[in-house]
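Pasting the structures in now, so scroll down.
Note that subunit A is present in both complexes that follow, paired respectively with subunit B and with subunit C.
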Partner chain A sequence: MNVSVSSRGGLDLRQLVGAGAAACLQGAGYPIPEVVLSAVPCSGGFVARTGHDEFLVAADEAPQLSAASPPWCFQRSDHLIELTGPDWAQALTAVCPHDLRALGGDAWLMATVAGVDVWLRTGPDSSGGLLIGCDPSYGHYLETTLREVVSETESLKQ
Partner chain B sequence: MKHIDCPGIGPRPIVEFIYDGEVRPPAPEDASLEVLADRVFNRSGAPGVLREWWYHRPTGSWYVLERDTVTNEIQRAVDPEEVAYAIPML
Partner chain C sequence: MPFRCSDAGSREWIDRSRRIEFSFEGRRYSAHPGDTITSALLANGVVVLGRSFKYHRPRGAFSLANHDINALFSTAEDTNIRGDVTPVEDGMALEAVNVRGTAARDKDRYLDWFGRFMPVGFYYKAFHRPKALFPWFEKAIRQRAGLGTVDTYWRPRRRPKRYAHCDVLVIGAGPSGMTAALEAAEAGLEVLLVDENPHIGGSLDYQWPLDTAEAACPSLAERVAAHSGITVQTKALAVAYYAGQWVPVATDEGIIKVCARGIVVATGLLEQPPICRNNDRPGVLLASGAQRLLRRFGVAPCQRAVVLTANAEGYQAALDLQYAGVEVAAVAALTEAGADSEAAAALTEAGVPRLAHHALYQVHGDNTVTGARLGPIDGSDADAQDYDCDGVIVSTGWAPAAHLLHEAGGKVRYDTELAMHVPSSWPASVVPAGRVNGAFTLAQQTADAVNAARRLVAALTGATVPAVEDWRDHQPHSAEWPIVRHSRAREFVDLDEDLQLKDLEQAAREGFDNIELMKRFSTVGMGPSQGKHSNINAIRILAASNGQGMDATGSTTARPMYHPVRMEDLAGRRFRPQRYTPIHDRHVALSGCLFEAGPWLRVGHYGDEASADDCVAAEVNTVRNGVGLIDVSTLGKIEVVGPDAARLLEGTYTARMANAKVGATRYALMVDDTGVIIDDGVVGRLAEDHYYLTAGSGHAAATARTLKRHAVEWGLDAHVVDRTGQLGALNLAGPLSRSVLARVSDMPLDEASFPYLNIRETRLCGYPVRLLRAGFVGELAFEIHMPAAGMGAVWDALMRAGADAGIAPFGVDAQRILRLEKGHIIVGQDTDGLTTPFDAGMSWAVHLKKPFFKGRGALAHLKGKSPKRLVAFALPTGYEGPLPRECHLAIRDGDIVGRVTSIARSPTLGRPIGLAMIERGLVEDDALLTLRVDNGQYITAERVRAPFYDPDGERQRVASEEVNS
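Entry: the complex of A and B
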């Protein structure tokens, strides 16, 4: 199985919530996803629309967003896990009830993996890999589980 | 695996949801202790179509669904305006 699991750093995560969130992001030069529960790429990361007035911004540098309220801007500390290699979707079949092979490029999905609530983000080419974000308190468990799933699947194939 | 089809998120596996009970109007402010106790501890349990709260954990969304408790079939997702009586902020 051609897939590897690794921790991912270097992304600054901010959550923007409240009336005027879209205008605030636009004012800062970020693209706005039109549809709720979708994402668009931006400056090394993405902007995901997680609700009508709620956005998750992931960028390689801290976004220059006003912390005044509303909208409110919160820093997030999600644990980020990167799955790379063309077999990542097959590896996740053991721990995720969704058929992730159907995810296209630049896709966004909020789902459950190994019992943990996560967000999933593919790059422009979905075969390239997957980025997973979850509550940091579940990060070690999820990453260890994913490593073991990949390892077990590889050993079964030998 | 059983799926629940909700507006906005589509069919999702039931393991992603938390059941939060029947949709009921809030208790009257001047209710007696007997009425409050009855409300807290008793349910009719009669078979039929029930309006229920369901919480989708990954997206943090609440839904009101009508479920036939005889067949366990979810008949429809209810528009929040229809249950405004149970949501004080609406």
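Entry: the complex of A and C
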């Protein structure tokens, strides 16, 4: 199985909630996904619409938002795990009940992996890999589990 | 291999070019790769493969269709291996199950002689007296009845499950399943085709002449295999249907949980046996079983056969046997069905005796079949004739394998034309196709599958769903009454459970005259084959007994799993999510003893487990007299923002929240509609439209969900963000905490600038933090909430800053003692599913003057009527006796009057202290509390007033760190 699991750093994550969140992001030059539970790419990361007035912004740097903006902005410390290699979807079938066929390019899915709530994000080319974000307290468990799954699946193949 | 046919068939599964060796009961045999255990043994002339469940009668192969529970085997590693479908492996050392000695010479075979003393339900009625002998009977029965022996030193194994999604799941890769799969795939849908066999083809590869199959379904398997829209999974048995269109598929690699938008049930039919005396003898085979054996494995089931049929399939089976070199002594026909078939004509032409309107009266032979007695259906034994044979091949009826359809909500009815059950209704997204739907000929099956697939595709794509077309056959394929009674009984209905015709009739006479009751009393259909060959005949017998029709008699309920599944497959991978706090590594480095608090790993205390009490006492003393630091990251941490944030909290908690000033905190108690306490925490107001609140460690997610639900239900413009895992939290506690914190903070911390029960936002070590003046442990204390990333830096800075003050980390064990000394409750420990704030002595936290909050109505009603009360008690100073435990009972005059909710030896007070929930009537009366502890001992505790420590709360508001000096 051609897939590897690694921690991913270097992304600043912010959660914006409240009426005006979309306008605030637009004002700061960020693209806005039209559809709830979808994402669009932005500087090194993405903007995901997690609710009508809720957004998750993952970018190389913290967004420069206007101080007068109405929404509330909270820093997120999600544990980020990257699955790379063409077989990442196959590896995930051992731990994720969701229909991963929906994950094409630039896709976003809020799902459960190994019993933990996560978000899944693919880049423009979904075959390139998958970014998984989870509550930081579950980070160690989830990453360990994913490594075990990949390792067991590889040994089964042999 | 004397029974192996010399000519290789074109559809064989075996590789005749290679041989493998295996042993059965110590004797060595050879086989070909691709053979199952059963086919390999039959090829070698071994016919007795096991012993029956109750009477230890000899048994053998029957269906070759994964239902032969009398041909189970064990190896050194495994037991209850199904010989009819498990491939034999080179070097395999097999034993029969449920035998003493060998299958052919079982030492318990004498039990069959005493069968009359073991009628249906005898185990409910016998062995009651003398009672002392029951254990002996139990042991004897357990040794002799049953299946394989479980190795009690069995090492648990798990085979991970995995998930799969598709548009259409087709179950069964016979002609109908393959046709439906192609039809759905051609419509652009993603198809998963599963079949329990190692090769696709289903009945095509054993039940139809090659030219007939090819003419009706040209290159069907090849077209399926070549289609890019179809994924084929063989050796994959769909074992259940669950809501949401989830179907677990058992494979050699574990269970695949398949979720399909649409499902085609092309599971075919289960052949049903006739009932007559000794119909269980090894050598009696279902016709389809004989054909599987012949076509797939090249094994002749016998040398001279008698065939009993009630359909065209039986004639075809007889003809197949004759072509394979088996002498067919006679073909007896229960009905006219199939008598005009090509196969029947070919048999006549070949000179095979055909007996119309004849039944199988009896099978002869002690250990295996040596003959069969055939006679007119309406005749008597005197009219019957014996035929020498070593095999009896029977084809007297069918039942649809509609279990998954049942589980999906489908129904069946008895079709008098076909003389069998057929599906009568089904969901739009789960459709039957082919033989399971009563379509018998290949043309019928193909047309029915096309119609089923088109209907399913239309339903999935939103197109107009075509009408259901009737492609069912219009002649019977089953005998309505394939049962011949014999005066000496031994007419078996259920081969799993050794149930005879007389057993079911007796059950009906005893009043178990409903099919569900009969099943439970007699255990018919409750063996490993789950009634696949017994249920239909059981319904027939009950229908006859009750004078009812088949539909009026009904059928038992199909439940998941419809076929036994290995325990290791059901177990799957173990998911046990664990949460680490942001400074987990530091706790490990400091020798923190970790324990599981729900999903969280928390520190009980620091230091040796062996000296836990001393470590905890030292930590308590550190907090009481100096300064301690605890990781409280597990606390629920929730932001509530928006113009209606105050209204949301006002309606959710019992206390006033809307009038809290910015910068202030309030104790927050949450109750449900019935007024029962469900959570508590602290609510801090950061702005007019921004609150930050804490919740119990185990209740954070539920509290966040409740708040979100309230916001929606009440139509409020408020947002709830659960940041429990995103933020970490520390509690710096003790009289020296302020001075230690001052060394790392620029913010003024004096009482005037930052009073008790206030919240402030500032920065520590470069990280944004929130400071809360809270008093859970009853000392001057600062809760510090911050991003997870900052926890390590702040922890290290505080430990450095407090080094000369003797700062030490403390764990949950010490924290629990500290809060108990202070008389603070823990929701879920000191409260239960019935505890109201009044019971817990917290009426001060309930503001009934508020016009509305969740649970207000109940609390207004309950005020002053509390039936119980949380009280404090203490044991004498220096008490060294047995310490009560949480949930030990309070007793008065022999009656239970309450229970201990918290208990600990207080290092500060030098005596054990605790809380107990007791009946209200005793609250004012008794100065003493009698507690029943381990071993039924009673001890007496003194009732005291809470808090035990610092009752005036001076230490939490202390203006100076010099309180101890």
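By our rule, the second predicted complex is superposed on the first by the 151 of 158 C-alpha atoms of A that agree within 3 Å, B and C clash if a C-alpha of one lies under 4 Å from a C-alpha of the other, contacts with A are read in each partner's own complex, and residues count from 1 in each chain.
The working rule: a contact is a pair of C-beta atoms (placed from the backbone, for glycine too) under 8 Å apart; a residue touches a chain by one contact, two chains touch by 3 or more.
None of these values were measured; they are calculated from a predicted model.
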Review point. After superposition on the shared chain, which partner residues are touched by A:154: those of subunit B (first), subunit C (second), both, or neither?
Key: neither
Practice item. Check the residue A:145 against both partner chains and state whether it touches subunit B (first), subunit C (second), both, or neither. Key: second
Exercise for review: Once the structures are superposed on A, label A:97 by its partner contacts, choosing first (subunit B), second (subunit C), both or neither.
Suggested key: both
Check your understanding: Just subunit B (first), just subunit C (second), both, or neither: which does A:36 touch?
Key -> first
Check your understanding: Is A:72 touching the first partner subunit B, the second partner subunit C, both, or neither of them?
Key -> second
Point to revise | subunit B versus subunit C as contact partner of A:137, first or second or both or neither | key: second
**Study point:** Touched partner set for A:12, first subunit B, second subunit C, both or neither
**Key:** neither
Check your understanding: Per the overlay, which chain contacts more subunit A residues, subunit B or subunit C?
Key -> C
Point to revise | Overlap of subunit C and subunit B interfaces on subunit A (superposed complexes) | key: 97-98, 115
Practice item. Over in the complex, which subunit A residues touch subunit B? Could you list them? Key: 36-37, 50-51, 97-98, 110-112, 115, 117-119
Review point. Hey, which residues of subunit B end up touching subunit A in the complex?
Key: 1, 8-9, 12-13, 15-16, 57-60
Revision key, fill the gap. Contacts from subunit A onto subunit C in the complex sit at residues 15, 17-19, 53-54, 72, 74-78, 93-101, 114-116, 135-142, 145, 149, 152, 156
Exercise for review: State the interface residues of subunit C toward subunit A in the complex, per the touch definition above.
Suggested key: 160-165, 190, 253, 257, 259, 573, 575-582, 584, 600, 633, 639, 641-642, 690, 717, 719, 721, 723-727, 768, 787-789
